[in-house]
Amino acid sequence: MPSSPKIALEVRGLSIAFVETDGSLEVLDNLSFTVEVNSFVCVIGPSGGGKSTLLRALSGLLTPSAGEIRFPHPSHIGPQTGMVFQKPNLMPWRTLFDNISLPLELAGRSKEEIQQATQEMIDLVGLHGFEKSYPHELSGGMAQRVAIARSLVQDPEILLLDEPFGQLDALTRERMGEELLRIWGERRKTVLMVTHSISEAIYLADRVLVMTRRPAQISLDLPITLPRPRTEEMRYQPEFGRLAQLVHEQLSQNDDAMAMPTKSKVA
Amino acid sequence: MPSSPKIALEVRGLSIAFVETDGSLEVLDNLSFTVEVNSFVCVIGPSGGGKSTLLRALSGLLTPSAGEIRFPHPSHIGPQTGMVFQKPNLMPWRTLFDNISLPLELAGRSKEEIQQATQEMIDLVGLHGFEKSYPHELSGGMAQRVAIARSLVQDPEILLLDEPFGQLDALTRERMGEELLRIWGERRKTVLMVTHSISEAIYLADRVLVMTRRPAQISLDLPITLPRPRTEEMRYQPEFGRLAQLVHEQLSQNDDAMAMPTKSKVA
Amino acid sequence: QASSAPESDAQLREITLNLTYIPNVQFAPFYVAIEKGYFAEEGLRVTLNYGNEADLIALVGSGNQQFMVASGEQVLMARAQGLPVVAVFPWYKDYPVGVVSLKEKNIHTPQDLKGKVIGLPGLYGANYIGFEALANYAGLSDADYTLASIGFTQVEAVVSQTVDAAVIYLPNEPSQLRAMGYEINLIAVSDYLDLVGNVLVTNEETIANEPELVRSVVRAFYRGVKAAAENPEEAYAICANFVENLSEADQAVQQAVLAESIKLWEIDPQPGTQQERWENMQEVLLQLGLMSQPVDLQGAYSDAFLP
Amino acid sequence: MTKLQNPLTPKVQLQRLTSQRWVMAVLALLFGLVLWQLLWMLLKLPAFILPSPAMVWQKFLVSLSSGLLWRHFSFTLLEVLLGLLIGSSLAALLGYFLSKSAWLENFVSPYLVASQSVPVVAIAPLLVIWFGPGIFSKVLICSLTVFFPVLINTLVGLREVPQDLRELMRSLRATPAQTLRYLELPASLPVFLGGLRVGATLSVIGAIVGELVGSDRGLGFLINVGRGQYDTALVFVAVITLMALAAALYGLILLLESRLLAWQTWRKTV
Amino acid sequence: MTKLQNPLTPKVQLQRLTSQRWVMAVLALLFGLVLWQLLWMLLKLPAFILPSPAMVWQKFLVSLSSGLLWRHFSFTLLEVLLGLLIGSSLAALLGYFLSKSAWLENFVSPYLVASQSVPVVAIAPLLVIWFGPGIFSKVLICSLTVFFPVLINTLVGLREVPQDLRELMRSLRATPAQTLRYLELPASLPVFLGGLRVGATLSVIGAIVGELVGSDRGLGFLINVGRGQYDTALVFVAVITLMALAAALYGLILLLESRLLAWQTWRKTV
C-alpha cells in the first residue's frame, strides 16, 4: 500500500444523464469518490448500471451533466489515462501487431522501440504467431487480449479497464490477472477496473466499489485488507469468503430494491 | 434426462483449417461427438481453441475441411438451430425491440404474435423500458441480453450458445442461467453452450466437453450426474467440487502441455 | 494551333482571328492568306482560334477579342442586345443554308415541304433562321410541317429516313450525301431570298481606335479569298497544313465542300450591294420575333473598309 | 438533479438556428446574391456577359408571367425525374446482381466504364436515330448520367455490409430476398444515398446536355435560345432555375437521409 | 490431416482464372468486338454511320503512325490526370473540413450543388475571359467534374467512421492530424475510393466536354474533326481511345483498391 495517501483521481458530485426523446435517462447520480495514487480499485455493479459510463467520463469521452473530475496528482501533466473498452475496439485494417503498437506510433516512438515493446506485449498476452492476423481472424478472447496489450503498451499513469477479462477462459483470465498485478506492482500504476467477478475483484483490488442500479450511486466502499502478494490459497481463507459474502449481499440488496430492472426517466 | 437416447447432433471426424498466406491454420482436428436430444451440453476450453469455430460449423456458417455434421433426429426438418454469437451482432439501425423480433419477422409471423412474443422476451431479459433504444445506446451486458433474447424468441430445436453470459454481472448471469434452464426444461430443447465458467458449466449441463488447445480435440467428456432441478446448495456439495476439480485439472493439463500458446501451422 | 507567316519577324503585330466551328476547308481563305504571307505583308502575325459563335461574339463585343467570322443575323441580334459588334467585310454573298432531301421524296420547292417532317439541329442559330425565312417566304405556317430537333445529325437522319428533309449548311451535308451515292434534291434559301451570309466582324472600339488595323486585316483576307477562289487545287493543298486529318479524310468530299463554299463567296465586293441583304435579314428576324425592335443598320455593317 | 433541461441562452439559440439546414442555405443564398452584385459593380463587365441581379430578376418575372419558364421547366423536371428514377433503379438492381458475382462484375464493368466515358455528343446521332428526337432520348441520356455513381456506390455499399451480420442472417436461415430487405438494404443505405446525392445532381446536367444536343423544349433549350439571341439575362434565368432544381433534389435526398439514418445520431449527455 | 492443399482440378483452375479481373476484361473485349462485327454484317449500315472493326483498326494504325492520335491523346491524358489530381485532392480536402462542421457544410453545399448543375456551355465565355482559352480552362472543367462525387463520398465515408474507434482515438489523446491519418483515412477509404472510381471515369468526360466547347487539341477535338470531315472511322478511333483511357484509370483504381483493402478478404476454410 502506498504510504502517503496522494490522490490520483477525484470524482465529486458526478451526475450523468443522456438526452432521450421523452426526457432524459439518469445514469449516474451525484457520485463522489477518490482513488489514491498507486492503488488498485475494482468497480462491481449490475449490468446497465453505469460502470462503462463512469469510465468513459473519467477518460474524457463524455461530458458530465454535473459534478467534476480531477486528476490532482502533480506528476500527471494532463490526465494520462489508458482505457480498455468493454468491446475490443480493434481497427479492422490493422494487423494484430499494428493494433497493439498504435499508441506507441501516436506517441511518436522510434521504430525499434515500437518493435520491441509491442513484441513483448504480444508474448505477454500469449498471441505469438498471430502478429500478422487481422482482427476478423481472431477469436473473441484473442481480440480482448489484443485490447489489453494495447492499453498496457503505452504505460499510462492511470489504467481504466472495463471488464477486460470478460471473454477469457478461467485459466487465461487468472494468468492475465496475475500479469496485471505484476505490471501494477512493478511500474506502480493506478488502476480502476470494472469486473463482474466478485472473487476476481477481491483477489486483485485494494478497494472494491459496489454500485447500485441506475441511477448509480456507490452503495459499498470496501477496503480489501488481504496482504500482498496475493496467492491462490488466499481464495480459500475465511477472510476472502467474508469479503466476497459482503459484496454479494450488497449486490443482492441493490438488486432486490428493484426486483426487475426497468427504465426510470426524468421528464 | 431424456429416457430414449435419440441423437440430435452428430459430429464425425470434423476438421477445420483456415487458409493462410503461408500454409494453413488447423483449428479443429478430427473431432467426433454426439449430442442427445434434449440434453444440455457445455463446452469449455482455452481462448482461441476453436470453440466458436465449432459452433459456426454446426450452424452451417463454415464449410468443414473434413468430416461431417448431421442432425439425425427425424423431427428436425433441416437443422433448426438458433445461434448466439460471441459478439452481440445487433443491427445498429434497428431498435432493441426490432432486433429481438427479427427472427419472427423472417419466419413471417403475424404482427400480434411478434408483438407478444418479443415483449415477453424483453421482460424475461430485464430490458423493459428500452424497447426503443438503439444498440449504441445499450451497455455491453444489455446488448448481450438482447442477443440471447433474439435466439430464444425463435424457439429453435437446437440452441447453440457462444459464451452468452460473458458480459453479465454475477447476479444477472445466474438469473439468465436459471431462465435458460427453465426454458430448456419447459420446451425440451437441445442446448450446446460454450462457457468459460467451470461452475456455470457444471451447474447447467448434463455433460461437459473439455477441449484442448488448437488443433482442438475433446480431452474430456464428463457426464454431470447431479440431479435436476439444480439448486444453489448443490454448488457447495462435494460432488460439485469434485466435478469442478476434474474439469479444472483437465484444462490445466491441456494448458501445461504447451505452456505458452503459440501458433502451429501446417505448411 | 498557332500558325505564323513564313518570315517570323519580331516586328509583326500579333492578332487573333476567331473562327467558328473547327479547322475545315471552308476556312481556306484564311489558310491561304497566312501561308502566302498576305497577313505578314500587312505587318500581322495571325493566330487562329476556333470556338462557339455565340461565345465569340460575346468576347468580341466585350472587347476581349478583336476579329471573328460570324453569320450576319448574329451581328444583328447581338447589336439588338447592345453588343457593339460591326461587320466590316462580306465574305459570303449568299446565305449558306438549304433544305436537303432524298430524290425519292420529291421535294423540289418550299411548297413541297407541306406536311413533312423536317430535321434541323435546333430551334436556334443559322439553320433555324434560314429555314423559317424560307417557309415564311413560301407562305407556310408552323402548322404546315413538323420540325424535329436532331442536333448535327442531318446526314444520318436523312439516310435513315427518320426525317423527310433536313436543314443543312449548303457546302457540307449535300457533298457528303452525294459522295455516299445518294441522289438528292436541294432547296437553297438563297434561291428565294437575298440574306446576308458570313461576314468578318470586329467591334466599334477597334474601328474607332485602330482603323488601319481593320483595313489591313480585311485587305489580307480579301487577297486570300481571291487567291483561293482562283486556284482551288492550291488552296486545298494549303488547307492540309491547317486542317488535321485532311489527307486521311475522303478527298472527293472535302474537295467538293471547298468547291461548294467558293460558290457562296463574294469575289467582287462593291459598296452598297450589302444594303438589301441586311435589310432583308432584319425583316426576317423581326418577323420571327428574334428581335423585338429594328437596329440601325448603318451601325451594324460598314463598307468603309472594302478594298 | 432537477436542472437537466438545457437553458435556452442566446448562444444556444444561435447554435440551434445555424444547425438548421435551411437557415444556412438561405444565408448562403443571400451571401451569393451580395457577392454577385458586388462582382457586377466592380468588374463592370458588359451586361451580355454578366447581367446584374436586378436585370435577371426582371427577366425572371417576365418569363414567369408569360408561361415561357414554366413550360420549359416542367419539361426538364419531367426528364430529370424520369431519368433519376430509371437510372437509379436500374443501377441499384444491376449493382445488387454484380455484387453477388465477381466474374459477372469483372465481365460487365469494362462496358460500364466505357459507356460512361463516351461523350453524349459523340453518340447523339445513334441515340437520335435509334430512339427518336423526342423525350425518350433525353430521358435515356439523363438515366445514363445518373446510372454510374449510383451503381458504384451500390457496389461499395453492399461490399461494406458487415460480415458478422451476414453470418447472423445465414444462421437465421434468411432467404436472399430477406437478406436484401433486412440486412443489405439498410446496411448499404448510407453509401447508396451518397451515390443518389451525386446522381440527382448529375441528372440535371444529364437532362440539360440531352436538350442541348437536340431538343425544342426544356431549360437546356432555353439556354440555347438565350445564347442564340444574346439574351444573357434569359440564360441566367434558365441556369438559376436549373440550379434551384438541382438544389431542391439534393435537399430532398438529404431530408430522406436524415429520416432514414436517424438511428445514427448519438445521444448527448444533458 | 495432411491433405490440406487444394487440388488443382480443372474446375478449380477455371474458377481461379475467371476470378482474375483482367481475364474477364479481355473476354468482355473480345465479346464486344464479335458483337460489333456481327452488328455491322447484319445491319448493313453505311460505313459513314457504322464502320467495321477492320476499318477502324486500319484508321487506328494510320493515325497512330502519323502521330495524330498520340498528339491528341497525350493532351487529353494530361488534362485528365491534372483534373483528376486537382479535383479529387480539393474534394478530399474540402470534404474533410465540411465533415468537421455541420454549419459550414450547410452553408457551402448549396454552392456545390449549384456549381455542379451549371452546364459548362452556359458559362463558357466567362471561363474563357477568366482563365483564357488554353489548357487551364479545360483542366478546370475536368476538376469540377471530378470534384463532386469524390466530395460526397468523402463526406459519407467520414460519417461512417465507427464512433467506437473515434472514442478509442480520443482516449489515446490523438491529435486531429493523427486521427485523420490513423483512423479517418483508412476507415473512410473504401467509400472514398468508390467516389474516386466515379470521379476517374467522369474526368475523361470532363476533359472531352472542355475540349468540345473550344479547343484545338485533344481527343474531343479529334471527334469534332472526324465528324466535321464525315470520317466516322476517326470518330470511332477517338472514342475508343478515350474509352480505353477511362477503363485504364478505372482499372488502376481497382488495383489500388485491392491493394489497400486487402484486409477485407475473409480467409476461407481449406
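So that you can tell them apart, the chains are marked A, B, C, D and E in the order they are listed, and the count of residues begins at 1 in each.
Here, a residue touches a chain if its C-beta (ideal position, glycine included) is under 8 Å from a C-beta of that chain, and two chains touch if they have at least 3 such contacts.
Remember, it's a predicted structure, so these values are computed and weren't measured experimentally.
Here the chain-to-chain distance from chain A to chain C, counted in touching steps, is 2. By the document's definition of touch, common neighbours of chain A and chain D comprise B, E. Centroid distances from chain A, each centroid being the mean of CA atoms, peak for C. The greatest centre-to-centre gap from chain B, using C-alpha centroids, is found for C. Ranking B-E and C-D by contacting C-beta pairs places C-D first. Computed centre separation for the pair chain C/chain E is 39 angstrom, with centres defined by C-alpha atoms. Between chain B and chain D, the centres computed from C-alpha atoms are 49 Å apart.
Residues of chain A in contact with at least two other chains: 18, 87, 136-137. Chain contacts: chain C has residues 58, 62, 152, 156, 160 touching two or more partner chains.
The set of chain D residues that touch two or more partner chains comprises 45, 49, 121, 125, 129, 163, 227, 264, 266-267. All chain pairs in contact, by the document's touch criterion: A-B, A-D, A-E, B-D, B-E, C-D, C-E, D-E.
Listing the residues of chain C that touch chain D in their complex gives 54, 57-58, 61-62, 77-78, 80-83, 119, 121-125, 147-153, 156-157, 160, 162, 290.
On the side of chain B, the complex with chain E involves touching residues 15-20, 24, 26, 29-30, 62-66, 136, 215, 266. Put simply, chain B touches chain D in their complex at residues 56, 59-61, 78, 81-83, 85, 87, 89, 91-94, 102-103, 105-106, 134, 136-137, 154. Contact residues on chain D toward chain E in their complex (touch as defined above): 18-21, 23-25, 27-29, 31-32, 45, 49-50, 102-103, 106-111, 113-114, 116-119, 121-123, 125-126, 129, 148-149, 152-153, 155-156, 159-160, 163, 190-191, 193-194, 197-198, 201-202, 204-205, 208-209, 212, 220, 223, 227, 235, 238-239, 242-243, 245-247, 250, 264, 266.
Put simply, chain D touches chain B in their complex at residues 164-165, 167-168, 170-174, 178, 182-183, 186-187, 189, 261, 263-264, 266-267.
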